[in-house]
Amino acid sequence: MDMTGTQHIEAPRDVVWAALNDVEVLRQSIPGCQSIEKVSDTEMNAKVTLKVGPVKATFTGKVTLTDLDPPNGYTITGEGSGGPAGFAKGSAVVRLVEDTASTTLNYEVKAQIGGKLAQLGSRLIDATAKKLATEFFEKFGEAVAPPAEAAAAEPATTEKKRGWFRRLINK
Amino acid sequence: MAQINVKVNGRAVSKQVEDRTLLVEFLRETLGLTGTHVGCDTGQCGACVVHLDGRAVKSCTMIAAQASGSEITTIEGLAKGDELHPMQAAFHRHHALQCGFCTPGMIMTAVDLLRRIPHPDEATIRANLDGNLCRCTGYHNIVKAIAAVAESGAGV
Amino acid sequence: MAHDGIGARLPRKEDRRFITGAGNYTDDIVVRNAAHAEFVRSPHAHARILRIDVSAALRAPGVIGVLTGAELADDKVGGLICGWMIHSKDGSPMRAAPYAPLARDVVRYVGNPVAIVVAETKNEARDAAELVEVEYEELASVVDPAAAQAPGAPQIHAEAPGNTIYQWALGDKGAVDRAFAGAAHRVEVDLINNRLVPNAIEPRAATAIYDRAEGRFTLYTTSQNPHVTRLVLSAFVGLAPEHKLRVVAPDVGGGFWSKIFIYPEETVCLWAARRLGVPVKWAADRRESFLADAHGRDHVTHAEMAFDASHKIVGLRVKTIANLGAYMSTFSSSVPTYLYATLLSGQYDIPAIYAEVDAVYTNTTPVDAYRGAGRPEATYVVERLMDIAARRLRIDAAEIRRKNFIRSFPHQTPVIMNYDTGDYEASLNAALSAARYAEFPARRAEARSRGKLRGIGLSCYIEACGLAPSQAVGSLGGGVGLWESAEVRVNPVGTIEVLTGSHSHGQGHETTFAQLVAERFGVPTDQVSIIHGDTDKVQFGMGTYGSRSAAVGMSAVNKALERVEAKARRIAAHLMEAAESDVELKGGEFVVAGTDKKIAFANVALAAYTAHNLPPGTEPGLKEGAFYDPVNFTFPAGTYVCEVEVDPKTGAVEIVQFTAADDFGTIVNPMIVEGQVHGGLAQGIGQALLEGCRYDRDSGQLVTATFMDYAMPRARDLVSFNVSTTATPCKTNPLGIKGCGEAGAIGSPAAVINAIANAIGVERIEMPATAQRVWETCRAAQAAVAAQ
Amino acid sequence: MYQTTYVRASSLAEAANLLRDNPDAKLISGGQTLVPTLRQRLARASHLVDIVHLAELRGLTLEGDRVVIGATTTHAELAASDLVRQRIPGLAHLAGLIGDPPVRHLGTIGGSIANNDPAADYPAAVLALNAAVHTSRRTIGADDFFTGLFETALDPGEIVVRVSFPIPRRSAYEKFHQSASRFALVGVFVAVLADGSIRVAVTGAGPCVFRATSIESALARSFTAEAAESAAISADGLNSDIHGSAEFRAHLVPVLAARAVAQAR
């Protein structure tokens, strides 16, 4: 499955680029990330728990950064084994475009699952990958440039949860 | 462990099994009632259909503990001694079975159908078999057998 | 006495146990102290196994053992075999790679078994299987047969360069080229025969027992041919000599060929039972069935047909790529060759045919025969071409067929087969009249007023059944003879036991074989029992598939019955002091012609066993055996007419009428034969409309692995079928039987697709004709009309 | 299935406490999705908290201008209910299309909406009819309830108690089945509410049930099948899988909406 998306971030490109290489920012951004440890500048070990409806699986694997082209972008790849559930792989080619004080982040995502997850969940692969990718870049955007008004003022509302799919459907 | 108290085919049964035991596993393995079959893992094939408090349910899509306190009828409990239930007799007379594997679930679903809708037309019969797969008969004679029982009024 | 001999619509003797829940299927069998097996399978389509760590699994509660390919190799357990040698055009033998029951170094499809975990309970085995750690290095995979031979495609086996198993050809290429060069019209088509999953409702299962004291194995298994299973496990896998291995196939819940093959799981269970010293029980869940049962079809074909100016076919040229999956299953090599290309003449007089078939390995579940096995693929090619030709040449679909029918028999086709008899015009006429073909235009117009597109499609199929003359099979590369055996034991009280090498898994042999005995001996069928499926009881047999049980198995029984009758007559003549030639068997009694002297068959049986008064030199007892080897294939044929309504707005297709007129020769039990046709039609219609096994092209993952994604035909997808028969009895077997088990699946896909194409007004639509595909085709057709 | 502990809750409070104290506990009512998932070992449940026997989750009553349906009401009960058939025929029809008869005998409305499968039928009715979901803690309006792929506004430990449907003037549901699972490839629920407002909810097509506002506006102008069918739905963001492309789903939405309009009563 392939998809593309865009995230607008109110921060200069250098800041966004730095965040893309910051393990702590990645930890906050990866949906369901339980832990992430840096092995090198471009490689991390990670543990991620994914929940899609009644299905829940924990993946252990690694996150790697390749095709580094500072500060224009890179490819971030995550692959992990969910043990008996199978495995999942996803990669995003990220391109940063500077726009005065803000940055437009364009991404192109590829995702693949294998084993039991693929055998049982083929109808959900696309929707799940879109959801995870959107969540990742949204959270990333928030981590790099938190919304101006105090985040605390806004409770964890339904509106916020609706965000990602509203954008997808946009009807 | 879960304590399962059920009445199966009119007989009170009380057993302890692992909580994760499916109703179909309880029937087949704990009680030895192997007439109820398992043909899939996702609740489509209907080979495992039994009656729970008089309604057709898939015994593979329920854990035994959920059924505790209920009355269960399996294919083994349908005939009265040597006298076949009219649906069993119709399946025989109309050649509504070949390999026989889907047959117990199919018969239990068919009996349930006629209890709810005593005089279904062909389209209604077919629609009510949505939860039962047969790979042998093309359903032709199954539909015929059910229609024959409905016509005779002997369904319940 | 009610007639219950040949031709009677006798309700089945075996039904009672099935309708009361008393059937005895493999997984129902309780063996004391049996342990439960779970297989660890590859999640990857293609990967190198770097490491297998079973230590955590071994420590798990209830675990008795965890075994891998390394132990299998240590114990010198052999690989699985493909039993039919095919030679390529260049004379080289097919490139069959080793097929280890547990993969050791490389896994080649998702689901490839890697290890077996045996524990005290099923849940414990499953818990522990999750603890087996396998480290893989992923390799690139290929799942599409058309891509497997491309330069740079991943190599699946070193033994088969370019993933090509064989490049086989049949027919006279030069003659076909000449026919095309001189032809007035040519039509061509590209077709995909979609990959199917057999999905017998009973999943495969096995219970393996090893008796250490006797050194003897027993395997209860879901098999269509227990003797062949024993032969392969003994002679090739080498687990035990035949006399130390009993294979029992009890009640079996459907097969459709998928339970013929000798698979890794049953083999490994048997070995594990000995190695671990416990009986081992395994039952596949449905997801495992999708991964591990041999799939069917999966052909990519380009075909061309040439006609003369009077619309007579002058030549047929076919090129097919057949996907055999990751390993060569038991009969896989024969399906796209001798069971396929030999039927490309269809019901037509075609002077020149040339077919090329490439068989390829891919990173998919092994592919083997599935109901029809090669013959549905052949029918689909021929009958799609006939329909397209009718459309292009602007003649009626029935007329173009009628014009080309073979009309004199025997008929030698250019592709090996010699048709003994048939009357294709008769079945075509019967089908057209039953389907009210002539009135179709009115029905189409009425449907149009409701916004529906109504279409009608024909398919005139032929198949070769009654597999098969052993010598012919041997000369074509078959590893076994395809005769059948039977034994008839008459008990002293006159009841009869028939032992047969055929195996019933839904076909009703316990009834139809008894009807044959009733016919010959006048004994009521309830005094006859049919024994099958146990190598300890039946000496040998080749099993049931390819619509062979009645034509071959019953012919063997008939031969044994003849021998019994001959001996009984000799005894009866002696008892009645008459000449043997004056004694005949009528209605269960031996009578002396022209007199009132008679003796009941049962009394003759008793006399045979008391042995007080037998003719001189006659042995006591009344029991005879026979082997029957057919002299030719049989050729069932018929015409199917499908009528559909297409909703152009949603692409939904509704089968509104389906008519079948089959010629099966002699029919033993019309009720059972009709049931076979109904079931075959459902599978063929399923192939055409619903079923399609799908792999992800990039990852090689199987994405239709449950009934949630693989659409099985349900009652509401089908209609009540309008079936009838015509008969030209087979001339090459004593009973005139042709066989009926596969016809429905062979003839129907083309009828359905032809009907949809007719409804929409297009030439091409792929199977399965899903709503989306049909909607897209309608839209394109509308756009094309608009553009004109 | 992994090891689990089955608990038959004796009260809503007990069930809520069990969920609070055991983060991996799961509620089970009909279990028609949960049990197959557990069987496949795609999820673990430390506890299965059975709420099917709780009296406060039962019931199917008329309360003023609303039909109030207890969370553990099965699809079969709802489909057969004279009350629902008379007051909200589209809802009764929808319930009778879910799964198959044995599934309808166990599956419940509460379980279905809490699971919010993108291809489930009930969410379309809840959203189109502007139902209110009463939970163990609060009342959530339909527009706020379904938040995403398998996601709802329910907080952890919050339990659906009943669903209250305002009686519409007219309603109808049209479902195009996915041929294997018989879930909705696309399902469209059309409702004309008591105040005359028109709501059209679509399931199966997107990652979550959504309102087809373009069809709603078209129907507001003219409540006819032709109006519904002429409204366009973009394929952007719709589901695409082996059973149907986003384009096909987008195409089906107005077609089914038109058929629902023709059926609405």
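Each chain gets a letter, A, B, C and D, in the order it is written, and its residues are counted from 1.
Rule of thumb we're sticking to: contacts are C-beta pairs under 8 Å (C-beta built on N, C-alpha and C of every residue); 3 or more make two chains touch, one makes a residue touch a chain.
This structure is a prediction, so every number in the text was calculated from the model and none was measured.
Undergrad: If you average the C-alpha positions per chain, which one ends up nearest the average over all of them?
TA: Closest chain centre to the overall C-alpha centroid: C.
Undergrad: Go ahead and name the chain pair joined by the largest number of contacting C-beta pairs.
TA: Per-pair contact counts point to B-C as the maximum.
Undergrad: When the centre of a chain is set as the mean of its C-alpha atoms, what distance in Å lies between subunit B and subunit D?
TA: Roughly 28 Å, centre to centre.
Undergrad: Just how far, in Å, is the C-alpha centre of subunit D from the one of subunit C?
TA: From the centre of subunit C to the centre of subunit D is 43 Å.
Undergrad: Among the residues of subunit D, which ones contact at least 2 other chains?
TA: In subunit D, the residues touching two or more other chains are 1-2, 40-41, 180-181, 242-243.
Undergrad: If I count partner chains per residue in subunit A, which residues reach a count of at least 2?
TA: Touching at least two other chains: 84, 116, 120, 122-123.
Undergrad: Can you pull out the residues of subunit C that are in contact with at least two other chains?
TA: Touching at least two other chains: 123, 130, 287, 703-704, 706-709, 712.
Undergrad: Which pairs of chains touch each other?
TA: Those chain pairs which touch are A-C, A-D, B-C, B-D, C-D.
Undergrad: Write out the stretch or stretches of subunit C touching subunit B in their complex.
TA: Subunit C reaches subunit B through residues 11-12, 14-23, 25, 27-28, 30, 123, 199-203, 251-256, 283, 285-287, 505-508, 671-672, 674-675, 678-683, 706-708, 712-716, 718, 720-721, 744.
Undergrad: Can you name the residues of subunit D that touch subunit A in the complex?
TA: For subunit D paired with subunit A, touching residues are 26, 33-34, 37, 40-44, 115-119, 144, 147-151, 153, 178, 181, 206-208, 210-214, 233-234, 236-243.
Undergrad: Which residues of subunit B touch subunit D once you look at their complex with the stated criterion?
TA: 2, 18-20, 22, 41-44, 46, 49, 52, 55-58, 60-63, 65-66, 68, 109, 112-113, 116, 128-132
Undergrad: Give every residue of subunit C touching subunit A within the complex, in rising order.
TA: 43-44, 110, 129-130, 287, 290-291, 696, 698-699, 701-706, 708-709
Undergrad: Could you list, by residue number, the parts of subunit D that touch subunit B in their complex?
TA: It is residues 1-6, 8, 28, 31-32, 35-36, 38-40, 48, 50, 52, 76, 80, 99-103, 105-106, 180-182 of subunit D that touch subunit B.
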